[in-house]
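Letters are used for the chains, namely A, B and C, taken in the order the chains are written, and counting of residues starts over at 1 for each.
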Amino acid sequence: MTDHPSRAGASPFRQLSRRSVLAGATASAVVPVTAMNGVPAAAAPAKRGDTRRITMYAEELPNGLIGYGTSPGEATVPGPVLEMWEGDTLEIELVNNTDRKLSIHPHGVDYDVDSDGTPLNASVNEPGQRRTYVWHSHGPYKAKGNRWMPGSAGYWHYHDHAMGTPHGTEGINKGLYGALIVRRKGDVLPDRRFTVVFNGMTINNRTAPDAPLFRARLGERVEFVAIGQGDLFHTFHMHAHRWTDNRTGMLEGPHDTSPSIDNKDLNPGSSFGFQVIAGDGVGPGAWMYHCHVQFHSDQGMAGIFLVLNEDGSVPEGAQAALDRYRDQG
Amino acid sequence: MTDHPSRAGASPFRQLSRRSVLAGATASAVVPVTAMNGVPAAAAPAKRGDTRRITMYAEELPNGLIGYGTSPGEATVPGPVLEMWEGDTLEIELVNNTDRKLSIHPHGVDYDVDSDGTPLNASVNEPGQRRTYVWHSHGPYKAKGNRWMPGSAGYWHYHDHAMGTPHGTEGINKGLYGALIVRRKGDVLPDRRFTVVFNGMTINNRTAPDAPLFRARLGERVEFVAIGQGDLFHTFHMHAHRWTDNRTGMLEGPHDTSPSIDNKDLNPGSSFGFQVIAGDGVGPGAWMYHCHVQFHSDQGMAGIFLVLNEDGSVPEGAQAALDRYRDQG
Amino acid sequence: MTDHPSRAGASPFRQLSRRSVLAGATASAVVPVTAMNGVPAAAAPAKRGDTRRITMYAEELPNGLIGYGTSPGEATVPGPVLEMWEGDTLEIELVNNTDRKLSIHPHGVDYDVDSDGTPLNASVNEPGQRRTYVWHSHGPYKAKGNRWMPGSAGYWHYHDHAMGTPHGTEGINKGLYGALIVRRKGDVLPDRRFTVVFNGMTINNRTAPDAPLFRARLGERVEFVAIGQGDLFHTFHMHAHRWTDNRTGMLEGPHDTSPSIDNKDLNPGSSFGFQVIAGDGVGPGAWMYHCHVQFHSDQGMAGIFLVLNEDGSVPEGAQAALDRYRDQG
């Protein structure tokens, strides 16, 4: 399940064995707080209000990419999913193993100026430097005027804000970004989770036929975190699956007035997330996800969400579809 | 009320008679399920869970356009509005009367890979071929975790996904698109309904002074379905009318926290719908609707929503406004 | 607190005295209905249903700009914030002190064709002309079908719709725009309020290092009204502060399902507003707000929200940040 450009030698769409495509994935050891694409963190904190400390490494990767990782030599594009519960604090010691100035800047959570991750506030890592960034989160609370101010829960993201320009344009372009999820007590956890970043004309800095291949079994609860970066506008579309356009992607109840959608603007700096039941009502198969800007999908902003049979085998016809995808690209 | 480029010989903004502009329109015979712009389907299914079968024809039209229709020789751009209730199944036999590969791909509803309408899943019509696509819909339901997954209700759309590129870029460009509405039990039906597709630099493949002219009587409940296609970003704006940015465009009640808007992003693959009371609080007249991207409206992405007097006559000053519109263009 | 290009001789980021940065601001005399950036209208109408009449002046400013003002010689870019309660009527006598045709066109409120502000409806000011525009507002109401139609409450805007093209492209480009707020009974009023207009590649027709500097004290309730104009797409991002994506920017309660965001599309003709508690949970400091389209922020679409200490003094390190901001630009 390593779909990252720095790791995948061959296209992920080459012949799949009919069984065990996901074997081992759910049993993978995962570091607390963070997780790779498709493998949720095993140990999301059971109670809220924890303070946890992790180390992250910014490293150069092949093909001119730069990524974040939680161990030396393990950087990926996108970086690991960081996950918190409302009330948690996350202390990130960022190790800059590159020869460029860079930083980590989060969306959604609380941080003081020293953790802003900007040249403006002189809170960046010089080449080779270690530096700690502290992110707090909180639940909804009543402010003066007896009004409820929003909590931190959301599908957020983090990214460099220092390389190349004061806004990190070069760092983002090269892959310094990842998903940040803050959950509210009671939020349902997915069986599987994927990060999809529309960055420039790429998906996770890749294009068809090498765009990310996401795999889940029929009936699994799958969470997508969609993030926009770069200079272009995009719309994220998924075939045969839809979600509610609210905080969680699910209805609060049958009277929730939020619209159901399957296509949503995904522009620079924005992010959203949602959960679907893989293949529910539509069956297994190779389902496309893509930018719906025609010119972008034609240029390679299209990938596959492969819904396997319940037993993990590849459904009828899916390999042929994957072959066509690879050949079209 | 035939505002389609393939049918309208003259501009729809030429002299209107002061009476009877809508005469006959509401009495038009309409096919079940589908309807032309401005004429809601008379026979939206009274109970849910129906399975209905229709035949659609993809045909070439003058000026290089291609449209969908529900009878031979009746193709239009946009195609007919397809309407379902949550729980309904729609079986569409698509007859390809062109010499090009094409398909029909829906948003929002359920379909298996054979009805995906994509080259990826080999579910397209070859030239001359007949092919059946099956679309299911469902209400909200509880999935595991006791969470409500969204139903199919929404203002959706359908389009080609095969002509020219694997994403149907050429088919969409030429007019192969239309509105798909899935309603929830209890949803209020409009008196009149219009489809507005921002496709490239056009509205329904037309530009001022020949952009669609939408007509309703003062006080009628009018439904707009807005759809984005193509390569460009747009914002849909309507003068003197506004709606709620939720599933229906109306408030669930006085405490619904959804914002009221009169301008909304309408980017490729996205769609939304809403109902207004024509001229309510503002009176009859020639009201502009347009893309609010200045350069797009200046280039012709602007049309008229003509709110007639209650008796169907043209309001004071409206003909002069229509004349100015025609001359500006 | 005059950050307007026509008035500010020097950059607002030059040395600030450590005290009294806001001194006098809250005590400024303000005209009813309208207000300058950072200074809320002192006398928002206490009861609803009022009819008020104001005079506005469209005037040429230095550097080729044109602005609206409520007194002769006081035009600004953006124009004054206009504020109503649902049910109010506002009569605006617009005095055109330029030699160009222009108008004022509002979003969100009700107006008949004579107040449309468009060449289409011949409702514009010729050079030198005085002309009255009438804007009504209303609360939510039940229409036929027992459905709640939305009220006028919202964060809206007004702009020219006549100069240069029938859509006012030249007038908007030169600065003829401003915020319009319609409040619902019970809405909480802010301590301070700012208008942020992303117009072309500018913020309020300015760019870094001269983009607007917004100042508030730690703990103040600050309202931002964000407006998009022009030809480009943008995303509005604010550091260290977030809001709810609903009508008010605050949660209706802890179970409101609206997402919390800190980055939102801000495209031509769109507007939104929200309130934050300045520096809450993050502390005082120089916080950036910017367009998150990388190329736009790099080109100057970035400014500072300066959260002062509670006593109004400049926080540790903030002056250095302001100096860096000025030098980067």
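Basically, a residue touches a chain if its C-beta (ideal position, glycine included) is under 8 Å from a C-beta of that chain, and two chains touch if they have at least 3 such contacts.
Since this is a predicted model, take the numbers as computed values, not measurements.
J.: Can you report the angle of the rotation that maps chain A onto chain B, using C-alpha atoms only, to the nearest 5 degrees?
T.: 120
J.: Given that chain A and chain C are copies of one sequence and touch, is their interface built from the same residue numbers on both sides (over half shared) or different ones?
T.: Homomeric contact, different residues on each side for the most part.
J.: From the mean C-alpha coordinate of chain A to that of chain C, what's the distance rounded to whole Å?
T.: Here chain A and chain C have centroids separated by 34 Å.
J.: Touching at least two other chains at once: which residues of chain C meet that condition?
T.: 233, 252, 256, 258, 265
J.: Across the complex, what residues on chain B touch chain C?
T.: Per the touch definition, chain B meets chain C at residues 188, 221, 233, 235, 237, 239-240, 242-244, 250-265, 275-277, 280-283, 285-288, 290, 292-295, 297-298, 302, 304, 317, 320-321, 324-325, 328.
J.: If you look only at chain C, which of its residues touch chain B in the complex?
T.: 107-108, 110-113, 116, 118-122, 136, 138-140, 143-145, 147-154, 165-169, 172-173, 228-231, 233, 246-248, 252, 256, 258, 265, 267-272
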